[in-house]
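The letters A, B, C and D name the chains in turn, as written, and every chain counts its residues from 1.
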Amino acid sequence: MIFASDNWAGASDRVLAALSAAARHGGRAYGNDDHTRGLTRRFSELFEREVAVFLVGTGTAANTLGIANYARPGGIVLCHRHAHINVDEAGASEFFGGTKLVGIDGRDGKYTAEGLARMLERYPEGNTHYGQPVVASVSEITELGAAYRPDEIAAIAAAARRRGLALHMDGARFAGAVASLGATPAEVTWKAGIDVLSFGGTKNGCLAAEAVVFFNPAEARDFAYARQRAGHGFSKAWFIAAQFEGYLADGHWLDLARHANAMGARLAGAIRGSESVRLALDPAANEIFAIMPKALDARLKAAGAVFHPWSAETLPVEERPGKDEVLVRMITSFQTTAEDVDRFAALLAAG
Amino acid sequence: MIFASDNWAGASDRVLAALSAAARHGGRAYGNDDHTRGLTRRFSELFEREVAVFLVGTGTAANTLGIANYARPGGIVLCHRHAHINVDEAGASEFFGGTKLVGIDGRDGKYTAEGLARMLERYPEGNTHYGQPVVASVSEITELGAAYRPDEIAAIAAAARRRGLALHMDGARFAGAVASLGATPAEVTWKAGIDVLSFGGTKNGCLAAEAVVFFNPAEARDFAYARQRAGHGFSKAWFIAAQFEGYLADGHWLDLARHANAMGARLAGAIRGSESVRLALDPAANEIFAIMPKALDARLKAAGAVFHPWSAETLPVEERPGKDEVLVRMITSFQTTAEDVDRFAALLAAG
Amino acid sequence: MIFASDNWAGASDRVLAALSAAARHGGRAYGNDDHTRGLTRRFSELFEREVAVFLVGTGTAANTLGIANYARPGGIVLCHRHAHINVDEAGASEFFGGTKLVGIDGRDGKYTAEGLARMLERYPEGNTHYGQPVVASVSEITELGAAYRPDEIAAIAAAARRRGLALHMDGARFAGAVASLGATPAEVTWKAGIDVLSFGGTKNGCLAAEAVVFFNPAEARDFAYARQRAGHGFSKAWFIAAQFEGYLADGHWLDLARHANAMGARLAGAIRGSESVRLALDPAANEIFAIMPKALDARLKAAGAVFHPWSAETLPVEERPGKDEVLVRMITSFQTTAEDVDRFAALLAAG
Amino acid sequence: MIFASDNWAGASDRVLAALSAAARHGGRAYGNDDHTRGLTRRFSELFEREVAVFLVGTGTAANTLGIANYARPGGIVLCHRHAHINVDEAGASEFFGGTKLVGIDGRDGKYTAEGLARMLERYPEGNTHYGQPVVASVSEITELGAAYRPDEIAAIAAAARRRGLALHMDGARFAGAVASLGATPAEVTWKAGIDVLSFGGTKNGCLAAEAVVFFNPAEARDFAYARQRAGHGFSKAWFIAAQFEGYLADGHWLDLARHANAMGARLAGAIRGSESVRLALDPAANEIFAIMPKALDARLKAAGAVFHPWSAETLPVEERPGKDEVLVRMITSFQTTAEDVDRFAALLAAG
């Protein structure tokens, strides 16, 4: 009953097999090996467009390097107030690009095109004191487990475009989003106006595999230098590339995500059927937020369930937990079993 | 006959096996798993002293974060003129710590305590224009394949200490150095005055495994934050830790290095026996630098040998290649076979 | 009727005379001249304590260098949501120290010790994702024209101290605060727990003169290097020092501030007597915030008054301007005349 | 007999008068005043071309912001080995742009087009390890007191252009160069291929006045933001603008420089006539480098002369001072009097 995070899981067999095969022989260093070189075509097929792909090892590296690619002096990055880049990356964007993150409010970890437009009004063009907005960033799946629909992204992109901002997507859980939305990777990204995507593999069956995908390759002119000077250029780059080969082959990545999402839905179903616990929002994928009595929280943990409390401030004031309640986050993964979920459900039912 | 670099090799079977085993189950995220936690004890035993260990994925990350740990405003980092941190890391130290690298000359990629002391005289204390020296860095094995002896390091450490500098060691090929010197890891490092070590695994049989080792754990107070905001904190940190488990068990790391060194010695022997090629210096480990006729260089490559030319400026003026000659670097690895070396030797003998 | 800002004013005669006298002969470069050297004693007397003083040319330089002096990796700087450092310095603190600014809410541009303590709870010690709080900053006078009382600062300092934070004061309008509070410079700063002060002269009669004052000189060990590499070390440092000599002599700085405050009070009085305009808060010094009908705003400007609109978000929701109203900021200076204020008052009275 | 540096001088009467006049009334803040706005036309006339002008307070600010305007990830800035930006700015360029400075050798503080081209060969395009050259910088007057002729600059510019580098000129002593070369400001700069100029006023009669001049205004798109976030945007910007008004009116700036140069020539003449002292190179302007016996150096100082020793490494090996000699730098200024020089000459003549 490990629902702490999807990054507590191991690696999928297919990913591990691909990595092990590549590891026997190695290859040319610094991304000139066949595995890494082949990924450009692989990702271009996946996204139905010629893309530039750069491999890195962590989501923070992908996000900050992707965003810093568009940094300019006095640069402002707009994102959701509770976005991972704003609260969970130890100031990485401030450090990498000297950019200032400005949070926008919104339900379910999502902000709207209107919310973005209103915030942009605070930054009149040419006001050197306030800084200049350079990037807007959305998380798909959001930090509260919701998914932006392509039309919502397109509206945000239009608002961003009107002020010349690049649009970044933190896709740490991109597979879960694609599986959940029933849309193609292209529809969720560049067809909706995304310029650069952090394509995450780590949380969904890889060991350490993230890709920065530029939908306009010319914009990535300096990225290889930026990655190298940040220490994110791996000499044995094939160790990431091979993971992605296994991950992407035969739709394995979506199979993994569908399983995690199904387990998430099963867990949400158990909560819906419970009298003492309520969902904070309808989950789109594998992140479940629920409000439960503190006493139950303690009993579940005593029974072996592992999950984290979450900040009540991520919810609207009127929906926050009561005095004896707690907001918790539970995440399923490709390794979560139905048995695990059902054991948890039984504990819930027992109150 | 791949002598391009030791980072063209794959991974050792034992390293891969340890990684695969860990990858089946995963663990707590961000270094709180058992694999990662166990490494502090493992490294402390290895170095006969309580150390602080931080895992990262690349040598550049290890070097720059280790050095930046001691950065101060106007900070000057002294290193060999041809040090990897000075010429091969795309300005990483300038980017991370805002530090300025200043190169010291010296044979074989080594500088001396006297060379360091002379350079320090250029930076009188309190001169805010020139900046303030904060770190001296040595590479063990050097970029020209030589090894600092512990007494040489101790002399450098004494010169550094007189001005309050921290002493960093770039140990990308630390295993090869220990194997070559016949000294203990402790003798090569803290007993000689090293404060922080980049302990490299990647070039010697790992996939991506580097450790920053602090010999005075209290000095690493902020390191976990610095690593995280640089995107070098891996969520599935066990993927590095497990590699090190396999790498360090039963002296495997030294076995791998001894093999690479033996293949280097075999290659050097073939060169010594050749009439047309000469060694640029006596190799200490697995990096061989040699001067050969350009025509031979072309024939060797045509026959399938892979190796890189090297800048003649790394040699004293009077020892540089002549007009029709070229300086080349050849590196052996744990995967290099005696057959490979002997094929190359036969090509040399054939002139 | 220039109420746009106190930095629209010229320089006071005494400041200009002191500058002109010094400019005839010059002096040793980079702060080794007699004017600059003498300021350490002058400021130490002023603050009744041995201090370290560093001259810079702008308030942003003073604030960011003073704060960056305490920066650490993953560093979080806590300040009021509407603090100048957070919204008006183009990301200077993010750029200089890689620090992340986190805004705290509070009336009148002030936050409380409780507000700070609550915010600090969000940053549990050792959580490398969230970053580590390193500095709290208060503005005295605040961006809404209020003054922190020494006991309020002391409470904030106590909360900051419990977590090891340094406490910074943005004293761009420090003279106005001292004049308004009837407290000594020492009581407003180190006696209340301030560690580092941006002591502003520019807004109160200097041309460009700001001082970073450290109340524990040992903490400023690296500051001269930090200032120099940021390009804020002036070769003819006496041009700032001489301004401060004129500014501080015979209490001139407080005379200037008392005049500006008196003009502010006169302006506030006129508003209190007006039927159509209301004060947004009781001003402590020379910054007046008022809500007026848009039509009146237009008429005043047409009559030659110069002042800026201000963001309604700086007020509590229930106190914000109505549909046909606007929040405006008016600032008096040492050059403001009673005639100017009275002309403005007459316009108000005429509706 | 103050020959320590031209920044030991005070301010010229005309500069001070212009500043004092402006200081009485002030003006709109942050460069929107009439003085500052007028400078764009003034500088455009001076350079016979439409330019963008940004005022800052120090030469280091001008150099580093001007260079950082062209910074890109992994950026390399090429300059003379002894350039001020490389040795005297406390790592400012490393700090501001994360750029790495690489020094080129050359006589008299000058490098050649060939020297630049050779250095650029070390940075093959696309090599992400070495970084990418982005800017070349020349100092006019050089740090050894020589002047680049326009044709020499043009040759360097051609070499820089072939690799897409911007060409920066550190014109801390630009007035002295123009006066010495008998060329127009345009001929020394954009007509020879300069993209951005640090136009210095401080060393030649201003108090603190430096201008960053872009000869292609479109390239300065982000400069105002970069200046603001670095704390170099002055609220009372007229205090710099007014200095430049006085400085540039009626050719005053060149009159000041001609005087300083004449005093330099008079000093050089005295040295040429001396038996015990020799010039290290023929001075172009107001910086005189000479080699003298240590005993004489001591006597001169005892008699009240003030000047600094200089690093012998700035000279070719065969021209360095002997065992009992010392290399010294003497600088004349607009305030240096013929009497002062003649007193010094008499001391020299007395041996």
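Operating definition for what follows: contacts are C-beta pairs under 8 Å (C-beta built on N, C-alpha and C of every residue); 3 or more make two chains touch, one makes a residue touch a chain.
Source: prediction; values computed, not measured.
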Contacts common to chain A and chain D (chain labels): B, C
Chain at maximum distance from chain D, centres defined as averaged CA atoms: A
CA centroid of chain C to CA centroid of chain D, Å: 35
Distance between chain centroids, defined by C-alpha means - chain B, chain C (Å): 50
Centroid spacing, where centroids are CA-atom means, of chain B and chain D in whole angstrom: 41
Residue numbers of chain C (touch at least two other chains): 73-75, 89-91, 95, 98, 128-129, 131, 225, 228-229, 233
Contacting residues of chain A [partner chain D, same complex]: 30, 72-75, 98, 128-129, 131-132, 222-229, 233
List of chain B residues in touch with chain D within their complex: 73-76, 87-91, 94-95, 98-101, 122, 128-131, 311
Complex contact set, residues of chain D against chain C: 4-5, 7-11, 16, 19-20, 22-29, 56-65, 89-92, 95, 202-203, 207-208, 225, 228-236, 239, 335
